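Right after this note come the structures.
Paired with subunit B in one complex and with subunit C in the other, subunit A is shared by the two complexes that follow.
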Partner chain A sequence: MKDSNGDDLMEGNQTCQANFVSQKVQPYVYLKISLTIEGEASGKLDGNQYKFLILQALKETLGQVGAATPVDVLKLFSDGISLVRIPSRNSDKLWAALTLYGTTPSGKRCAFRVIQSSPFLMGLASNSRDHWEASSS
Partner chain B sequence: MVRFKNRYAICELVFPQTAESGPQMETYQVYQAVKQSLLESHGDYGLAALQSSLSVKYLNIKTNIAIIRGERRHFDMVTSSLIFITEVGGLDVAFRTLHVGGSIRSCQKFLIDYHRKNLAKLFPECETLEGKSEVMKSIMAACDSLVQAHKQQARQAGGIAPYSALSMLQQGEEEMDDV
Partner chain C sequence: MALPLYADLSIPYQPAELVHELVDFACELGFERIAINNVVHSLQSGKGKKKGGKPQSDIQPPSQILLNEASITALKAKRPKFHLVSRFTTVLDDVSNTHRLGSPEVQSYDIIAVQPTDEKTFQLACSTLDVDIICLNFTEQLGFVPKRPLLKLAIKRGIHFEIVYSPALKDNSVKRNIISNAMSLISVSRGKGVIISSGAEKLIDLRSPWDVVNLGKLFGLNPLQAKDSICKNCRAVLKHAEARKTCKTVVSVADVSHLKPDEKWILQSSRTEAMHEQQKQHSDQSSEEEDSDNDDGDDDSDESESSKEENESYDHSKKKKIKLDIS
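Showing the complex of A and B:
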């Protein structure tokens, strides 16, 4: 294809594109989790209480050693959804510990649900499920 | 063939009060203490992983030695939980892990060697004459085989055999002259 000046159009349109796939295991796993407590609006918890409940979950299933793993709550949204970072080494056990937690210290039933997980924080930026819902509605 | 491989930890129970080596203690009390510590340190996961294989195989209150068994795969959870035990059956005690072996026999071998070395160390710490003679008797008994082997040498040399029990104690022990 040539434009009016006779230059090759495809030449100018060549973009540098490289696909990069990391082969090694990433150090962290980022999870988007939602916490629902029975009989309570989920937006009432602040950062400290949220982290405390996560640590309680780890402590029940994995003990003091498990609760000592560096779990970080990176961001807490108002509806009980949060971005959490856990080391990838024991990520499956930590995920299972969150899933198994059923009762808060005050006796209310609760549930941690993992909505998304990714070895990169950027991977949590968008969710293909939301795209699907948006296009179908 | 699936074979369950175990690890055996030899622990010394250290009691803070030096008055006596401790009143009666049963294996089930040590077992409960280890189980409780496992639950606290490693949670439901740790306890469940070791529940079927955990047991206290040997407990000797006189020498303060306990042997605890657990399966090999998760044994690091046992050894790390033993550190945090502070009391057993109402008594204050600390666990000091001496050795981890793969079988009861290897543990036994280690214990014989360990006691043999320790007897020689105990001698200078004895304050009474009775204590000293008791310790010397134990050392003589332990080193009986060595004494036998060098008896001939002693007769020929006309003196104390180089590796007899007495010569072991003589190394740096002035009290030998008083006995």
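Showing the complex of A and C:
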């Protein structure tokens, strides 16, 4: 970790900014996912069902080996949005497996859409895009 | 630095409410350049109708396909940079009837795409046809191998190759085909000149831009190319399409009445320039300007040059303006 403008921090202003640039490869990738199921309120799903759908998605595209990777649902919000932690080693493939999942086992169309991703859980706290739009308008 | 504009250049044409719903949702997900795609399966059908005495207007004009003004302004309120274009796609199964691509009905579309079905048509599309996008049917086995020299030629001419991902969400065997075909295309073209678009007919088929970028990584693009496939390359397609309608695209001529409100400044600046020029000529009659053919300067120098050029070539009449475009 490197603090690029550490000197500014010491001046005691009320508003001070610090940039942290991490060169390390982080062990996990955190994703903020929204699940939409056609003709059904995805908010009704409980944690187990949500996890089951994620595992189904992995199994469908990556097979049993893919489904063996540890995926954690850290938090499930009421509207089908969740925070998920996946290992960063083959996060590309896991993410793509989620993207390409289109049909639930009961034959309904569904979609996992990744809203945000970050190597740090803190990174999901705010969205830089929203910030940009708010400040530019 | 401005944030990148994400583009989805293939939303199939459907009844207006459905398209509006789709475009609205795509906007919500973060796409800001959207093309509505009119797929015409055969160019030949006009001939048969001619015999029956009917006019051959089987291709709808783009104004029918696009959304109406009210909904566009509503979307623009949500996303100021929202941009909607029309796109025409046809299936090329015969080399002979490609001349209809040059007809005014087709040329009135913003983007023109073709879908070659065999090696011959693919070669034709890559080497000679004046199109912007080549989309291959990845849902089945291609039946031919895209060769590197042809791809290189197409990329050199500014043509992009499209990968449509939404069929992959419906069926597992189709998913396999799309992934393998896309990977082979990308390995041959080394990731250059590829765009990824949805082709979504329903809301549920749309994915967010970050999903699409990651999908590009799965297909074998490197992270930067994956991002370019929905940002930079799509912009290049639009610019290429614009350039197709002009001749050599450093300078294009347009009528003053067609100027957009945000381009009025060109006229304004050229007027003041003209006034200065006139005063100069009054004071010093003998002075003559040499004009230089330097076209590769940055924006500012080009603009001043354009206004000079305008003064000279149109003799202060200001009926036309010269619009610059660096493709």
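Some observations on this one:
Keep this in mind: the second predicted complex is superposed on the first by the 109 of 137 C-alpha atoms of A that agree within 3 Å, B and C clash if a C-alpha of one lies under 4 Å from a C-alpha of the other, contacts with A are read in each partner's own complex, and residues count from 1 in each chain.
By definition in this document, a contact is a pair of C-beta atoms (placed from the backbone, for glycine too) under 8 Å apart; a residue touches a chain by one contact, two chains touch by 3 or more.
Since we're looking at a predicted model, the values are computed, not measured.
With subunit A as the common reference for superposition, the partners subunit B and subunit C occupy compatible, non-clashing space.
Of the two partner chains placed by superposition, A:123 touches none, neither subunit B nor subunit C. Within the superposed three-chain model, A:102 lies in touch with subunit C and out of touch with subunit B [touch as defined at top]. In the overlay built on the shared chain, the residue A:27 is in contact with neither subunit B nor subunit C. Of the two partner chains, subunit C is the only one that A:114 touches; subunit B does not reach it. Set against each other, subunit B and subunit C touch different numbers of residues in subunit A, with C touching more. In the superposed model, A:47 makes contact with neither subunit B nor subunit C. When the two structures are aligned on the shared chain, A:66 is found in touch with subunit B, with no touch to subunit C.
Once the two complexes are overlaid on the shared chain, A:92 sits against subunit C while remaining clear of subunit B.
Taking every C-alpha atom of subunit B against every C-alpha atom of subunit C, the smallest gap after superposition is 6 Å.
With the contact threshold set out at the top, residues 60-61, 93 of subunit A are in contact with subunit B in one structure and with subunit C in the other. Only residues 58-66, 93, 97 of subunit A touch subunit B when the two sit together in their complex. Touching subunit A in their complex are the following residues of subunit C: 3, 29-30, 80, 165, 168-170, 172, 175, 202-208, 210-212, 214-215, 217-218. For subunit A in complex with subunit C, the touching residues are 36, 38, 60-61, 92-93, 95-96, 98-103, 109-111, 113-117, 129, 132, 137. Subunit B makes touch with subunit A in their complex at residues 38-46, 80.
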